[in-house]
Structures are given as C-alpha cells and as structure tokens.
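The following pair of complexes shares a single chain, chain A, combined with chain B in the former and chain C in the latter.
On to the complex of A and B.
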C-alpha cells in the first residue's frame, strides 16, 4: 500500500488505482456491522433478496411464506445505532394479490424502483407497483417457478422465467403475455441470467446438469451448451456433475460463473464458451431444489473482482480469477440463501433461513476507535481480572 | 518455561473438564485464570482446548467446559472475542439446539446453565459484541427459548403440549357433560330405589316389632299415608285389621293389586300353592313396578301377620326381603360405584354444585346401606329361627339361599332351569334335592346315577354323596350332559333320526337315516382334554454372570445361555464336581497354563471364565456413557437385528417364497423365468 502511495505520488499509477486497491483490500476485512442492523420483520426464512440497481438503497426480500419486504438501507449520518426500517411489505396469503407459496425470486426493474417482479412456487410471476404495493400484472405458469430474470436491455422488456417442467418462458411486460418459450432442458430450470452485454443472449442452467446459451430471437435451439471438459470427453456436454443451481455474469458480460449441486463453482469464458478451469475448492452447501444465489463485488469498488458465495451458514469470499479463498463471514445460524452487495459502500447484505438479514461492512475498525472513547463501551471491552484469583 | 506452562494449562483443563463434578475446582480454576491473565496467547490456547472439550459427546464434559468458558468470558476481552466469533458452534453444542449427548441429567443441567449464562452475557456484553446478540435473537425467535422462564422447548414441543392440554380439557368437559346427563337421568332411579328400600324397611320394621314384641309406639315411617295406617295397625287387633286393610287399599289402588291382595289371605290356608302364587304376585307388583305398589303391599303384610301362621308370614317376608335385597344389591353394586365415579370426576373438574348433589346421593345410599346392614342380620336370624321352628316339612320348599330365589321360583318350569339349579345347589343340599321328585337329582337317583355324577373321580370312594362329602367338595365337576344321562347304560342309546323332507312334489332320493359312529359315540362318551396343571419352576439357573450376579432365569431343564441347570452353591459354583469335570476337560487341556483350581466357576456349557480385567478408566469421575447404552434392549437388538442375521432370515424367506412360486405357478412364465 505504501508502495502504491509512493507510485501514485510519482505519477506512476493511474488515478483510480489507489482507491480500488484499497477497496479490494477492504473486501477481505468484512465483518458484522456494529452499529447498523435491519428491522426485525421477517417471520420466515428468507429465500431471495435484491438491492435496487438505480439508487442502491432499497433492499427487496422475500420469505418462504410468500411475504415481500422492502427495507431502506440508507446510511443516516450522525446516528450511533441505526436500524434500517421496513418501508413496505406484503404478507403472504393475506391479500388476494399476495403470494401463497414461497417466493423463489425477487427482481427490481433494472431502470426504476417503481416496479419489481416476484416469482413464487405458487406458479405465478407477478409484477408489482412499488409505491402502491399492489400487483399490476400476473403471469400464470403451469408449474412452479424456480427462477426468473429481467432483461437489462433497453430495446425490450422481456422476462425469462424458469419453471419446473424445464421450459423457459419469455414474458413480455409490454404486452402482458408470454411471447414464446425456450424448450430444451429436460429437467427443471434452476437459474436464468440475461447477458449484461448482449441483450438477446440468455443463459439458463437446469437440473439436467447443462448450461445453455440462447439467442432469444432464435428459439428453435440453443446457441451452445457449456461443457465442463471443454469437449475433451465426448459429445455429451455437461457443465456440472450435478444440478446447475446458480449463474452469474460478470458486470462486463465477459465471464459467467456457475454453481452446482456438486458443490463446485466454475468460471466460463463467454466469448469462447470454455471452462476457465479455476479451482475454487469445494463449497459445501445443502441446496438441491433451490437456486444458489451468489454475488460479485462491483468493479467500481474492487481492483480484482471477488466472489461472495453462501456456504451453509457462512459466506465465503473468493478471488474470482485465482480461486483463492480470502475470508469467511460467520454470523448466520442457518443456511444463507441470498446475498447482495451495495456498490456504493463496501457493504454486503445476507439473508438466511434463520429469518435475519445481516449487514456486513468493512468500516468497523474506524467505528471501533470512535466507540472506544465511550466509557460504557470501554467497560465492555475491558478485561476484568480480579485480584482474588 | 513456555512449553511447561502450556502443558500444565492443558493438563489442568483436562482434569477440570473430565472431573465429572457438577461444579468446578476453585483452585485449578484460579490457576488457569492466573495463566490467562499473564499472557493472551494462553487465552487462545485455553479457548482452543475448551472448544475441543465442549464438542465431546459427553454432557458432563460439556458442562464443565462450559462452566470454564463462562468464567473466562466474564473476565477476558480476548476470550469474549474468540467466543463470539464462533458463537454458532457453541450455541449448537451447548444450548440444546441439537440433541445433547448422554447422560441426561447433565444434559438438562447444561442446557439450563448455558441459557442462563447466555442471558447474562447478552445483558452485560450484548452491546459490544453484535454476534452475541444475534445468537440471543436466534435462540429467542427461531428456537423459541423463553429466556424469562428459561425453558428451551422447541416450537413443536410447545404446540404439542398445548394441543395435549386443550384435548384434555375438551375431553374433561365432554366427559363432565356426559356424566351430568347420566346423573340427571339416573338420580330419579336411584332415589326411587332408595325410596323402595325405605318403604321395605318401614314394612319390615313393624313386623319385627310384632315378632319380637317391643313397645308398640316405635317410630316406623315418615310417609303420612303409611303412618296413619301403621298407627292404626298397631292400635287395633289382628282380626279387625284384616277387614280394615282389605277394605282400605281398594280405594286407592289398581284393580290388579287389590285382586292380588285380596287373594293373598285365601292362599295362606293352602301352603303348597302359596309359593307359586307368591311368584305371580311378585310379578304383578314388579310389572306395575311403582312405589305405590309396594306401599300397597303394606296392608297385606300386616294382615298376614297373624301370630299362629308363622310360615305364611315368613313366606311373605321372604319376597319382601328379596325385593329389598335386590334393591340393596342394585344400590350398592351398581349405584354406589357409579356415584363414586361421578364424585371423582366432579372433583377433578371442580364442579361444586354437581359434586354436592352427588355427595348427597352417596350419603343417602350409604344411609340405606347401613340400615340394611343393621336390618339384614336380624332378618336372617329371624329366618333361621323360623326355619328351625318350622322343622322339616316335606311340603315346604327347601330353604334356598334368598339370592337364588328367582331361579328357585322358576324351577317350576320343568327342564330348562334344572341344569341351572343343578349347578347352583351347594353340595350339602343334594340329598334334599334328591328327595324332591321334580329335581333332576331325583331322576338320576332313580336311575342310580347320583353316585357317578362326579365323573372325574374314580368310582371307588364315592359311595354316597353324604359320606364322601369332603371328597366331593374337592372333586372337579363337569356340567350335566347327554353322556351323563346314558352313563353306565349297557344298551346303546338309540337315536331316531328324522329325515329332512323336501317340500317339493317331485321324487327325491331316499334320505339316509343312518347315524354316524361319531354321533353315537358322543351320546355315551365325552372327551375332556386334560392339560395337566401348571407347575412353576422353583429353581433358577444361578450361573455366575460377568456382572457378578447370578443368572436369574428359571427354566425347567436347560438354560438357553448356560446349558443344563445344575445345583449350585451361593456363589454360583456348581456343587456336583463330577458333571463339571466332564464338561471342562476340553478347556483344561487347551489351557493347561491357567493355574486355576479344578472346581473354578466355569459354565457347564463350556463358557470361559473371564478374568476380571483391571482396565483402568481414564477418567474415573465421568459417568460411563457406554455403560448407559448397555441396556437389555440394545443387547438384544444387536443380536436380533444383526446385519448377518437379517440377511440370513431374508434369504430363507426368499427361498421359501421362491419355492412356493415354483410349486404353485411353475407354468406361469413369469415365475418360471425368475427362478
């Protein structure tokens, strides 16, 4: 770091390098936030979470009973102990519009916080008006929905929905109906992901161990099926030796990370559709029929991207391109199901089946110094050896 | 120095955690604290070691470890940081989130202690250590630990408990309602019964008064109508009474009863018929069944009570007593237990009013019972006296015990009840019965069969029922049957088989009228299975067990574990050495070096004597969990549910199935191909 400072002063390094390297270092120092916590409003295990893209402020979370909560994560300056309040919620099975089964996926509309979508095991995909907290559109599927994803594209407003019967349905929010289906997977589709770079490219992962790339304009067959062995082991291409449970593109859309029930992570080069063969080690988790959500650190806050992967009740942090395990976040009491990163601050939100959403932050050390000045705190942190002993 | 200190710390912790004591040794604890105080690296060491101990599958170790953790947690910041960094693990191991290992007592204490400490920790340090708070919240909200009451039962458990309680409550209410209805229904019956008894008492009392003359102004009854009557009865002479009472009931009673009443005095003259008529009369009263019927009976009794006609009087009393007895039985045998049950339920449910009612009823019944007990003795005495006074009269019916009176009365119907009375008659009465020509005994005696009626004993000693009464009382009896009827008959009993005529008009084959041998045999023979009597085994196996006790099995010949049962002394050593030496020769030749005396306790089945192994347990203070697991159930389970045994049995069953398939369905291609 000192070296870097000197280089920067000498003008050897570019302007953005120093903060990024600093931030990257910070990712390894994440710990449970001492002075910020979420309001305790979830009664059931959390299944899905997303922070809105536009303002990085509102955290959307869904639970196993079909409830949806929106919480405000804004940092309030000058408040010692801060509770992030629940600003809106819809309890499951209470109103006709609310979900009756477990929420499987929640997504904000990429361009606005006025809309969000929710898919559930009750076979419906719902589009919500955030301000009114009511459903404006309801897509009914024939089988339970495991996942869906909203395209970040500008030219279209399509939503890809992965269901239990192995069909990916493309729903159009403009027309309020499904435009077409993509049929190739033989088993339930566990994860779908739009490419951030190409707005017509869709990646889908399924329980038949395959990851397929689709051009949604050409629905007859997928573009390519990813092969973990890069074609060295026959024609049958499988991406994992188990169900494919999670997919995530890097922000630039050049790489794809996949997670499977074989408890492995794989990094794929999108342009060559080849396995990058990076060993992340075994990541134990107990997901089987549930999408495995994981998250990448934002490029604006990291010199090298880091991968935050839930593993049972912990969250492991890996360097994306080396596969090195950097640290582990311990704090939940049962398996972590969802995770999201605030790209404004170095802050991570994790939701777990123990009904809690935790805030992990890297700025605790600074707070600690300020806090230690307080007399009450110092009592807590002091050793109290008595002379009798 | 450093290493020495470390080894000492580890040693101290081990002794502390494996002591098995519910509380810690203060001295050792002080030592650890001192070490931790001097250097923070020791804290880390202690923490690592304690976390290892806390994960041991032994609740006593866990408890001791947690107690040390608790003490250090209160002292050291570093230790607190260490503990809170991996709070999950500690909570899982200590708070009973996952089932705690045995022994149970220690586990329960561990749970209690840990929850208490957690609460304390959070109150004291919760602000500074957010993970501690998370753990607390987790326990509180997810695991539903009630920290105020400190009961950590899972949500399901609590729900189940509530359900059980509500179910119990509902059941109690339902039951109570049922009982309430039952009581409402039956209370009049009981009261009626009591009233009847009361009336009977009233009737009987003056009769005793007259038979054993006492002062005449005895308070007899409460009922106004009766009291006036009885007063008048006591006041006037008997002859007058007849007229008066015959006249008075007709005014307020039903015609049938008056008929019965008026007939009664006529019957008294002819004693022989009195019994049958009495029955009839009884039936009449029973048919009308009401209380006033019995009230109406009052005059009849009093009228009949003429001093020189004792028998009639007794006869009449008898029916009255029978009624009374019946009511008494009903009250004591049926109603009293029922009322007791009600009282029990009402007490359980806390129903004051109903309870009071039930208790009142019970008191009434008990009063009646007491009255009866008082009276009954007199009544019986009186009866006996009367029996002796009347003397043996041929025409008088035999003095049956009153409770068989109904059966006795119905003995007028010739055959159907004969068997019943035959069963019921006590042995001593046989002669009386035999003298009565209407009884089956008499019939049998006519055939000379009475001697052989006790069929199971050889005919030798049973010369007469009277002489061999002691034997007949001990002899087994068999119910009377056709074979006894034909007993000793040299002639083959004949049977007239009837043809089942078919009703249609067409020709049909001549019915086969021969009687099969079996049927004939069943007329003269009876097969009685003799299973012998159960003889309990007195001696037990008493072979020495590895536990030091003696085998308590009681088998007849051979103990399945220790072989043939032989006499043994108090230590379980076989007494008969000859048998021993035979069975032990094999072993002795094999192990000649074993310098054991020839009559060492060795099982007759050739089991080797286990030398007491001086296996020193590593931690003598701890409860041996493995020993706890050595329950009879586990032992048998390991034998019966053994993998090999199961495989063997399965194989055998499969083979049986296959064989069956082969023999039965060999022509079926499915089976033919499979086997």
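On to the complex of A and C.
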C-alpha cells in the first residue's frame, strides 16, 4: 500500500489505481457492521431485495407473506448507533392492492425511485407508486410468476416476466398491457435478465437446464442457447446439469454469470456465447423452485470484479475471472435468499429466511477511529448538570 | 444481431495434433519439466494399484492437490488437445470425469480390438482417437468421415471403446469408454460408499485426515488416499487446517 502511495506521488501509477486497489482489498475484509442495522419490521422470511440504482439509498424488500418494505440506508453523520428506518411498507393481504402470496421479485424502476414493480406467486405483476404506496397498474398472468426484470433501456419501458408455464411475457408499462410472449422453454422460467449494453437483448434461464438469448424484436425463436461444453458434446445444448436458477450480467454487459441447481456457477462470454470454463467449485445451496440471487461488486469500487453468492446461511465471495474463493460471510441463522451491494459505499445487504436484513461493511481503522472520537466528544459535551440542583 | 460461435480455447488443428502425438523431442524442455497439473496427475497415478489395469485419475481429485481449479481445467483441456490425455465420462455421478494417458488408452483399445478379431479396425480406431479428442462422438462423424459400417461400430461397442449416450431420431451420440473399465468402476463405487459410510458414522461427522487414512476400507483394492482425494476434490467434505493436520468435515 505504501509502495503504491509512493508510486502514485511519483506519477508511476494511474490515479484510479490506488483507490481501486484499496477498495478491492476491502471486499475481502467484509464483516458485520458494528454500528449500523436495519429496523426489524419483517415478520416473515425475505425473498427478494433491491437497492435503488439512482441514489443508492432506498432498499426494497419483500417477504413470503406478500409484504413490501422500503428502508432508508442513508448514513447518518454523527450518530454512533444507527438504525436504518422503514420509511414505507405494505403488508400482505391487508389492502385490496397488496399481494396475497409470497413475493418472488422486486425491482426499482431503473431511472428514478418514483416507481417500483413487484411480482408474486399470486400470478400478478404490480407497478407501484412509491410516494403514495399504491398500485397503479396490475398485470395478471395465468400461472405463478417466478421472476421479472425491468429493461434499463431508454427507448422502451418493457418488463420481461418469467412464469411457471415456461413462457416469458413482455409487458409494456406505457400501454399497460402485454405486448408479446417468448415461447421456447419447456419448463418454468426461473430467471430473466436484460442486457445492460444492448437494450433489445434478453437472457432467460429455466428449469429445462437451458439459458436462451433473445432479441425481443424477433420473437419467433431465440438467438442462441448457451452450451456448457461449447458444442463438443452432441446437439442438445444445456447450460447446467440442473435447473438454471440465477443469471446476472456484468455491468458492461460483456459477461454473463449463471447459477444452477447443480450447485455450480458458470461464466459466459456474451459476444461469442461460449463457456469461459472458470471453475468456482461447488457452491452448496438448497434452492430448487426459487430464483438464486447473487451480486457483483461494482466496477467503480473494485480492481477485479468479485461475486457475492449466497450459499445456505453464508455468503461466499469469489474472484470473477479466476474462480478463487476469497472469503465467506457468516452471520445469518438460515438460508440467505437475496443480496445487494451499495456501490456508493462498500456495504452489502443480505436478506434471509430468518426475517432479518444484515449490513456488511469492511472493517477499517478509520471507522473505529471516528467511533472513539465520537465517544470522546460526547464525554466533553455531555451535560453534567442535574435538574435537581 | 449476428453472433460468432468460437470456443474460448482454440482447439488445435488435426495436423498439429498428429505431429505432437507422434513426435517426441528430448531437447524440448517444455516436454521434460511437467507442469503442476501433470505432476499432480502422476502423483495420483502412483496411488493406483497395477491390478486394475491402466492408471485412472479423476479430474476432481486434482482440485484437492492444487488450489486453482480454473488453471487445472484449462491445462487438462490443452493436454487433451495435444493427445496426451483422454477424458472419459464415468456414469458414477454427473460430474465424474476420468483421465487416462493417451498411450495407455491406445494400447488398451488395441489389445481389446485384437482379442475380438478387430485387427482391421486398429488403424482406423487410432485415427479416430487423434481426430476426436472430446468425450463424445456422433454417428455422422463415424460413418461419413471415417467410413465405418454399422458392423464396425458394433464391434467397437462390444470391445468397450464406445458406449451409447443418446438416440435422437436418426442421429446417435456415443461416449468414448475404456475397455475393461467396469472393474475399476465397481471397485470405486464400493470404496466411495465405504468412506462416506465411515464419515457418516462419526459422532460430529468430522475426522483428522491422518486418522482417516489409518482406517481400512473393505471391498476395494484402491488405497485410502485415492478416496480421500476424491471426497475433498468433489467437495463432499470440507478440509479445515488445524494445528494437528487437516480436519475433514462432511458437508450436508
């Protein structure tokens, strides 16, 4: 580190190198936050979570009884013990607009926090007004919804919905109706992801072990089906030796990471649609009929991207391009179901079936120093006068 | 949008493979000094008893000896493309791949074909083995590129070189196999279930590796260490370093 500082001063290193190396080092040192926690408002296991893209501040979380919570993760300056408050919520089955079954996926509208969407096992996809906390649009499907994803595109406002009957429905938020369907998967669609670089490309993963790439302007057949053996083993291409449960693009859209019920992760090169053959080892988890959410570290805060993958009650951290296991976060009492990374700060939020959301931060000397300074200050400014005098 | 279909690791041309397979150049140092993966393979090979035929190494056993799984995989693929190793799929579990050296494989195939009056097929079989380095081969390739008749293919199946994988209409896909591998498979399955039984019967489902290696396995001629490498590599157990050597804990 000191070597790097010296190099930086001498102008031998680019100016971004030092902060990135420092941040990358911090990802390996994540541990439970000592002075921050979320308000305990969840009564049921958490199924899905997302932090808003724009301000990196509001955390949306949904539970198995259909409740939705929004919590404010803002850092309160000068407060030693912080609780992130619940700023809005909607309990399941209480109002006509609330979900009656387990929430399967929650997504913020990518461009601001005024809208969010929720999909549930009660066969509906709902679009919410965040400020009023009410439903403004309701899409009804014929079978339970496992997953949905909002396009990050500017040219269209489409949402892809994956359901139990293996059909991907494309819903348009502008017109409030479904525009078309993508039909190829033979079994329930477990995960859908829009490409961040190409706004018409969609990747879908299903229980038929396949990952398909679609161009939504050409819905007759998928562009390509990913093959784990890169075409060396017969015609029937499968991406995993089990259900495909999770997909995630890297932020530049060049790579795709997939997770399967065969307890493997695979890294795919999007431009050549080939398996990069990176071996992450076995990642034990017990997901079967549930999307496996995992997260990537933001490129602005890491030298090499890291993968944060829930594995039973722990979260394993892997280097994306080598497959090396860096560390493991242990803290939850039961299976971790959802995870998100705050890219303003080095902070990770995990939701679990034990009804809690935990905050993970990198332990650093600076944080400990400010804490001790605070306590010293509070001693100095403490009111020693008593009312009885 | 048009997409290219290219493998990440470019597979070598057939000519290159042929020259590499038959040419041994003692002055070339890269051939003399083995890489980490090759060293690990030869280490596991030494554990293999001679009575079970040519030594077989399981791909995941190497993961317990070497840390970087990705580089092991990549090196195995390049060894496979150079016709130094054969990869054979075992039906024992979906992730089990057996590695066997090309010379051993070729000599076993030759002797198996000779014993079944398949003398005329030997040259063709060797050609196929150098051309098809993958785990499977399709019927189209066998009949069109190598001009094998159905009779020839069935002789290859009888002698244990090919195993039927799937029938999809007219096209068939075959798995390569090692003649006489069944005795190894039988032994291996028995041994693996025996070692897992030992682990399951422990009170806390954990044991020091040294203590485990002292125990005896029934019904197999393969040594204990072979199975210890197997269960660590396949991540059925977790290896934790302690002050008195590695501790193995069964994962759920």
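By our rule, the second predicted complex is superposed on the first by the 362 of 389 C-alpha atoms of A that agree within 3 Å, B and C clash if a C-alpha of one lies under 4 Å from a C-alpha of the other, contacts with A are read in each partner's own complex, and residues count from 1 in each chain.
One rule holds for everything that comes next: a contact is a pair of C-beta atoms (placed from the backbone, for glycine too) under 8 Å apart; a residue touches a chain by one contact, two chains touch by 3 or more.
Owing to the predicted nature of the structure, the values given are computational and were not obtained by experimental measurement.
Using the contact criterion defined above for the overlaid structures, shared-chain residue A:40 touches chain B, although it does not reach chain C. In the superposition on chain A, contact is made by A:223 with chain C only, not with chain B. In the overlay built on the shared chain, the residue A:313 is in contact with chain B alone; chain C does not reach it.
Once the two complexes are overlaid on the shared chain, A:175 sits clear of chain B and of chain C alike. Applying the stated contact rule after C-alpha superposition, one finds that A:354 touches chain B and leaves chain C untouched. Of the two partner chains placed by the overlay, only chain C lies in contact with A:271; chain B stays clear of it. Set against each other, chain B and chain C touch different numbers of residues in chain A, with C touching more.
Listed in rising order, the residues of chain C touching chain A in the complex are 1, 3-9, 63, 67-70, 72-74, 77, 94-95, 134-136, 138, 165-166, 168, 171, 173, 234-235, 251-252. The touching residues of chain A, counted against chain C in their complex, run 198, 201, 213, 215, 223-224, 229-236, 241, 262, 269, 271-282, 284, 322-324.
For chain B in complex with chain A, the touching residues are 29-30, 33-34, 36-37, 74-78, 85-86, 88, 91, 124-125, 127-131, 134-135, 137-138, 141-142. Interface residues of chain A, counted against chain B in their complex, comprise 32-34, 37, 40, 313, 330-334, 354-356, 358, 376-377, 380-386, 389.
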